[in-house]
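One chain, chain A, links the two complexes that follow: it is found with chain B in the first and with chain C in the second.
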Partner chain A sequence: MKRLLAMLTARRGRGQLHWTDWASYLHLFLGLLVMFGPVLWLVLSSFKSEAGLIEFPPRLLPYEQARASVDGYPQPLPLFRITAGDFKGRELAEVRRIGLQAQMVDPASPGDILRVPTQDRERVMRLRFALENYADLAGKFSFGTYLWNSVFITAMATLITLLINSMAAFALSKYRFSGRDAIFVTILATLMIPPTIILVPNFFIASTLGLVNSPWGVIWPGVATPTGVFLLRQYMLTIPDELIDAARMDNASEWRIYWRIVLPLSAPALAVLAIFSVMWRWNEFLWPMIVLNKSETFTLQLALNSFQGELTTSWNYLLAMTVLTLLPVTAIFALLQRYITQGIASAGVK
Partner chain B sequence: MASLQLRQVVKRFHETTVIHGVDLEAREGEFVVFVGPSGCGKSTLLRMICGLEEVSAGDILIDGVRVNDVPAARRGLAMVFQSYALYPHMTVYQNLSFGLENLRLPRPEIDAKVREAARMLRLEQLLERRPTALSGGQRQRVAIGRAIVREPRIFLFDEPLSNLDAELRVQMRSEIAQLHDRLGTNMIYVTHDQVEAMTMADKIVVLRAGRVEQVGAPLELYNAPANQFVAGFIGSPRMNFLEGIVTEAEGAVGVALEGIGTIRTDVSGEGLTPGAPVTLGIRPEHVALGHCGSNDAAFAVAQSEQLGNATTLFFAAPSFAVQVAGQVSARRGEAMKLNLPPERCHVFDAAGKALPRRTKGSAA
Partner chain C sequence: MSDTVAARSGTLARLGASLIGLVFNLAERPMALAQRVLGPRRLPWVFLTPNLVVFGIFTFLPIAIDVYYSLTGGAQLLPADRPFVGAQNFRELFECESYLDPTSCRRDLFWFGIYNTAEFVVLQVGLMVVFSLMTALVLNRKILGRGFFRAVFFYPVLLSPVVVALIWKWILQRQGLLNAALDGAGLSTVNWLLDAHWAFGWTVFVSIWAHMGFYTLILLAGLQAIPRDVYEAAEMDSAGPWRVFRRITLPLLGPNLAVVVVLALIRAVQIFDEVYVLTGGGPGSATTFMVQYIFQTAFTQQVRQYGLAAAASLLLAGVLFGLTLLQLRAMRSKDR
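Moving on to the complex of A and B:
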């Protein structure tokens, strides 16, 4: 904590701020604004009611017009503050509006109807977080199904990715066989093929195998990643060969060496790949959109997209859902970012 | 206990041959040390015996059974690696039990064996620790323990002490020797340190560039090295070598050394002709100070090292070292008279091969 504070307050100038300090703070502040501003806007907007969202000029915080329940009126009535005329300074509720005149009532004495010109009043705004945006999601739009689809695909794909990639990496890093380097280079070379190019062939394969509209259709095509193989192989190269020799002397089968020795020792690299895989899978959009056509098989990302396509867009729900979609990835990144930097550094340097 | 036999064992990596037809026999319970400079193939030979490297040609026999194609785990051997190769993510207990678990032994039996090995190596207090929390000596003992629990027919050690500091090395050396006495199992030990070889071995195998230079008991190698390489490798400080020319080949050989004169030796000159170039070797500790009448030489001291119990004097031109017991004071540049006893002189021919000593009968 102390070191963090020291790092955050470190300056070049002693006593007073050097101009480079100003420059770096400005740079950091602008960066924060650019990177974090939209996210903040999104989160705050997700708490606005439908009316609050179309408010002009827009406000940062979720304000909306205050309403009051008045005896004799079934619905709560919108409140206005009177700025001129006889009732100046009072807060009145609007019963109805006729042209430039409004019929208003004092919530304290609901019997009397007062007439006020519309230019003599302004709305009473108040801060309210529309939590129902989130609460309603559970019931509406089968949000639960989408969430489950996303979680299932992300979790299964990540597990399978880790297993397959680590097996490949083990073979490529710890066995000597002819053509090993050629295979490794070939695997890496697939990074040069843009994913869009293999979209159609991939779809043919998926459809032939009957994987369309199944979560497995999303999972399988992406489990073998060159990035993952590369990352794990580079890490496994740092595991001493003597350990594997020792395990062989200890009667361990090759599978047991992999499972009991190599995998546990590769944990940091596996963590990095797991984080990457979760982020890729959770945010994946194009391929699921092609494979999954029925709305009950949609992932969250597809559901978000389909929201917009309808005649009316419920922006308040869309925003709330977007925030929920962002949360898992953000949480994972925040918690495990230490491993990410570590893993990238170790895989990159060696 | 087991016997080990190597017959014309060859190892090739692609085109390069690193082991050239090694023959060797280790009897039951013997402590055999492979010694040689780095790159001589001693570790490769060990890895071939334990099955981690394939044999390109020749046979390896354990108890008379050819094991060339038997996988490492089934040869009944255990190896202690130079880096110890302890599994860093397992506790000491798990490190010791891993091999037994792979043999699918019942739990209580594994536990009993692990505890027994831990007791023998004084590791009981450390069983729940991970290797990173151990000192070098403790790690070394765990590595040995991992070999012991498997009750192997032969123990293999690959430079096990090279990562320890000098004091610990002496201590572990005697622990390994004691272990050998107690278990009576064959041990094959690889080292580049001739002191380790001399102190521990029943039989030393000196290797150079993939060939066996000499096999024998430690003192045999010290007293009667077969060639100049073995003579230079075994013994510390190193044997002195002086280039010379044969003056007399009949009976005992006489060697003329430039700037010193003729030195008479106790070596049979059979097959030599006067004028042939030879190398005269004598160990620093065998040179005596002072005159003896014959075989004398005078040198100017270049440097002296006082060890307390012994003094090493270095001479330049020709480069020569002498070690004498006790404390001798010598100034730089001071001329010293030295005596080279004939029975301590070795003579090597132009190919580096040692000439045989004259038999007792003909010495008269």
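Moving on to the complex of A and C:
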């Protein structure tokens, strides 16, 4: 334990690498393997055919048994390389298998049936990315519907979140009025009421408002967020009041001041909140599961969950769908990593 | 080709911007009217209204209804149709021959949920804080590719719980990657998610995998705020690394560490999403936690026992309330 901590706290000696540096890099590369390896494995697996997926032990890359079309046979036949006996070294296609004997043909001369013991041959494997896992999704599983539901909920919820929280933050940062601080504290106090403890009453409220099985039932409950109000208010406090006073001199209405002056100047904070909102909404699971019961209203997350729960899970499609679900989040992360990490480090929100 | 795409997305962005502008312009007149009628003193309330209405309907009102549900029985959703039963729901949850043995309780699943959650919280938070701290300390050193490795550790945080669960389900399945590796090394394979102890262990591991990047980031920010000259002074005194960690890093990081621990506790108590997809609470009730008990009691059983679920929710709310007070205290001492 002592040595471990030494490794973690010591800093690099001048010039050469200290052993603690080696230990640090070991930690990082093990971390790389454990943190990123599983995602990579998912992506690689999603390109395997159904047959490739049930192979044990699995291969790293999507290999698949090669097949050849042979004259006189309607289906392409699986190819084998013969390892012993009369036909050693040749690549033959299997017509049928009877016990330990296989009837095979040479694709070049399909007329003659050759008999080969099954232990004298091995499969010819070829690298092939099973893109049909992705292509089939559109037609087979109403994937488009789920995608649209997720996109609609994410986009609408984010727009409304930005609007109403920035309005509240504007009022709380740019006006003096009695009750202001009490309201701010009340809004922050909602941090103590996470959605998990009001599932039952919220379901009642959603059903009273006719929001069950509607995307709006997912959107509304989460649009007012204490995190959003807090983030935006803190940022708006840094906007100088002189700007606002100058606009008032020019007879601008308060609404105009809000959306022509304060909103554009709050763009960085709005961007952070937008990123978080997109992440929250895209990934949301428990509340949508309660409020959306019909499969045509499902989001991608709900669709994934219901497919994986089926008795006969088609893993090839499930994996492809999982990859497509993590793609947007990954893209956002790749492009906006700096904002996300800074937002978290400064506000401590997620 | 890419030019046209860029041009098209540019047009689309302009279109979107002008649409938003239109909406704001449309709001201009009613808002100007409100300003004239209400006067500048009351105008801020207009800006606050949408936010407060949503909070009112979906956060504050539900708390009151939660209390009402917890005091009423029956399977009706409509509060007016529910008979008042007093503290019956709470009594039922606490009806046990021995609190140490969940199987002796009338609502045994509730108690399994409590025990599982308690065990999970202790293991998960403890291990996660240690791993996050180790990783933050390593990332705080002068190392090659620091930004890259920080991104690697953080990336899983953004993945949805369903995706996280499916990634690991695919690795842990009977013929998955892990068993293949064990098989290749000549070891016997395990049906990870169908064995109660292993399944519980994996829920702890997977939730740490998914969330530790978040805490690592907070601790890293804390480490970077420690002034360099403190370490330089320690180096002058030729203090050993262990001593530097104990006497400098740990005390100066203390407030951040407290925030991380409390945040992790709050989230761990509410564990549900990734576990539900990974194990479904099983095998048996080995990985059934509090939130899943509430969810099942209210929404997945034949007879929907909203009252019991609401009572359990309020008990959970009490725990979370206490933890949040701790959080506020930790944050205040951090800011000081």
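In the analysis below, the second predicted complex is superposed on the first by the 320 of 350 C-alpha atoms of A that agree within 3 Å, B and C clash if a C-alpha of one lies under 4 Å from a C-alpha of the other, contacts with A are read in each partner's own complex, and residues count from 1 in each chain.
The rule is short, and it goes like this: contacts are C-beta pairs under 8 Å (C-beta built on N, C-alpha and C of every residue); 3 or more make two chains touch, one makes a residue touch a chain.
Bear in mind the structure is a predicted one, so any value in this text is a computation, not a measurement.
When both complexes are overlaid on chain A, chain B and chain C end up sitting side by side without clashing.
When both complexes are overlaid on chain A, the residue A:256 reaches chain B and chain C alike.
When the two structures are aligned on the shared chain, A:22 is found in touch with neither chain B nor chain C. Residue contacts after overlaying the shared chain place A:243 against chain B, while chain C stays out of touching range. By the touch criterion defined above, A:264 lies against chain B but remains apart from chain C after alignment on the C-alpha atoms of chain A. Using the contact criterion defined above for the overlaid structures, shared-chain residue A:180 touches chain C, although it does not reach chain B.
In the superposed model, more residues of chain A are touched by C than by the other of chain B and chain C.
Across the superposed structures, the minimum distance from chain B to chain C, using CA atoms, reads 9 Å.
The intersection of chain A residues touching chain B with those touching chain C, taken from the two complexes, comprises 253, 256.
Of all residues in chain C, those touching chain A in their complex are 24, 27-28, 31-32, 35, 40-45, 47-48, 50-52, 54-55, 57-66, 69, 77-79, 134-135, 137-138, 141-143, 149-163, 166-171, 175-177, 180, 183-184, 209, 213-214, 217-218, 220-221, 231, 240-242, 244-245, 249, 259, 263, 266, 270, 272-273, 276-277, 280, 291, 294-295, 298-299, 306, 309-310, 313-314, 316-317, 320-321, 324, 331. Per the touch definition, chain B reaches chain A in the complex via residues 47, 50, 52, 71-73, 77-79, 81-83, 85-89, 98-99, 102-103, 146, 150. The touching residues of chain A, counted against chain C in their complex, run 2, 5-12, 20-21, 24-25, 27-28, 31-32, 34-36, 38-39, 41-42, 45, 54, 56-58, 163-165, 167-168, 170-172, 175, 177, 180, 183, 186-187, 190-194, 196-205, 207, 220-224, 229, 253-256, 258-259, 279, 282-283, 285-286, 290, 301, 304-305, 308-309, 315, 318-319, 322, 325-326, 329-330, 332-333, 337, 340-341, 344-346, 348, 350. Residue ranges of chain A in contact with chain B, taken from their complex: 240, 242-243, 245-253, 256, 260-261, 264-265, 267.
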